[in-house]
């Protein structure tokens, strides 16, 4: 069963607008990470997990997929930083 | 087999429009959570599940993917809150 | 092997336009459910499945992902119900 | 290993434009089905598979996800059939 | 561990523009196939894999999902070939 | 448990704009690869993984899905390189 918790701040800075694509990418990673953290926040439980998870390419690929989805939204919000290019 | 149930309210407030990205993110999490709840709503069954599920990074990542998808729709609905930035 | 069957009506009402986001969300769930029904429609087989499936958070999350995808299309079709907000 | 084969006709009728959402939905299912068929077309192999696959809710859900993705493209191509609603 | 290799040509013809939806669909399949080929290109290894993979409906469905995603991009690039319909 | 690390440069060149679709595709692969690298960066651990992972068609397909998602964003940023076609 999944536990969902509303955390204080899901989007640091409270905006999807960033100065550069690079910052947008970092925001995408932060949002993905916070999203996972909000769903299951017990840090002790997470730390107790066997380290094999981080080794699984499939886990990493799934997480990378979340980052790609978040980044698509952020990039659209910033109109793809076209003025910066 | 999956059971689908129409619940009273799938979208709290009845609108995708939110004041801030942060509120949009909370709505995305709520919609994802309600969606899962509507598909299998027997609370007793869910509570009886072994707690290992919440520990699985893959489960959390899959749930985070749903949140990312819902948020993409909400962000587009709000035109990415560009005026708020 | 997956079996695909064209059913009578995949989209109830024959339109993606709904009055409210809430109705749009219900349509998304119905379309997801009918889609699964069209791919494997033998009701007896589905009923014979062990009830454990409904217990799996991963199954529910995957179904919630389909709902999120259908809803994204419906929300765009309705221009996000912006006039209703 | 996956085998990919270019088939004669991947999109029946050669267009994404349909008269109604219902026909668009049927096209989405046909395209998803043909896509799977093109990747592994040996009909004898598919028929030899144990029938358990069709029973798995996860398999059906994954297929429904493909249908949802194809339908999103078709719906956009048809500008969501807004004139028909 | 996944191996990524930059190949000579990921997009045959160097453009996303095609004359017809059918050609766009073929391009989507080619891009998906080349993408997989670029990530793990040792042809000998791939050939040594047991043939069971091609039999798995879930593998085919996952591959069909990649095709659907690539096609969505190609269809948008071609403005859904609306003039051809 | 997944480990997330902010790396120096997630988007090489700091822009989503590329001269050609081909370069856009290479950027999509690089971004997907760097994303996975940022989530679990211990190179020694990755190298210690059994080589079977690279052999799994499902792993490759999942990675190809991330590439497809990243490419969709890049293609939109470049307005699908329509002027180049």
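Lettered A, B, C, D, E and F in written order, each chain numbered from 1.
Everything below uses one rule, namely that contacts are C-beta pairs under 8 Å (C-beta built on N, C-alpha and C of every residue); 3 or more make two chains touch, one makes a residue touch a chain.
Here's who's who by UniProt: A, B, C, D, E, F = Hexameric tyrosine-coordinated heme protein (HTHP).
All figures in this text were calculated on a predicted structure; none of them were measured in a lab.
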> Which chain's centre, taken as the mean of its Cα atoms, is farthest from the centre of subunit A?
Replying inline: D
> For the two copies subunit A and subunit E, what is the rotation angle that overlays their Cα atoms, in steps of 5 degrees?
Replying inline: 120
> Taking each chain's centre as its mean C-alpha position, how far apart are subunit D and subunit F in Å?
Replying inline: 27
> What is the distance in Å between the mean C-alpha positions of subunit A and subunit B?
Replying inline: 15
> Taking each chain's centre as the mean of its CA atoms, how far is subunit B from subunit E in angstrom?
Replying inline: 31
>> Please output the residue numbers of subunit A that touch at least 2 other chains, ranges allowed.
In response: 1-2, 36, 46, 49, 53, 57-59, 61-63, 65, 69, 72, 76
> Touching subunit F in the complex: which residues of subunit E?
Replying inline: 1-4, 6, 9-11, 14-17, 31-32, 35-36, 38-40, 42, 45-46, 48-49, 53, 58-59, 62-63, 65-66, 69-70, 72-73, 76-77
> Which part of subunit B faces subunit A closely enough to touch in the complex?
Replying inline: 20-22, 25-26, 29, 33, 36, 46-47, 49, 51, 53-55, 57-65, 67-69, 71-72, 75-76, 80-82, 84-85
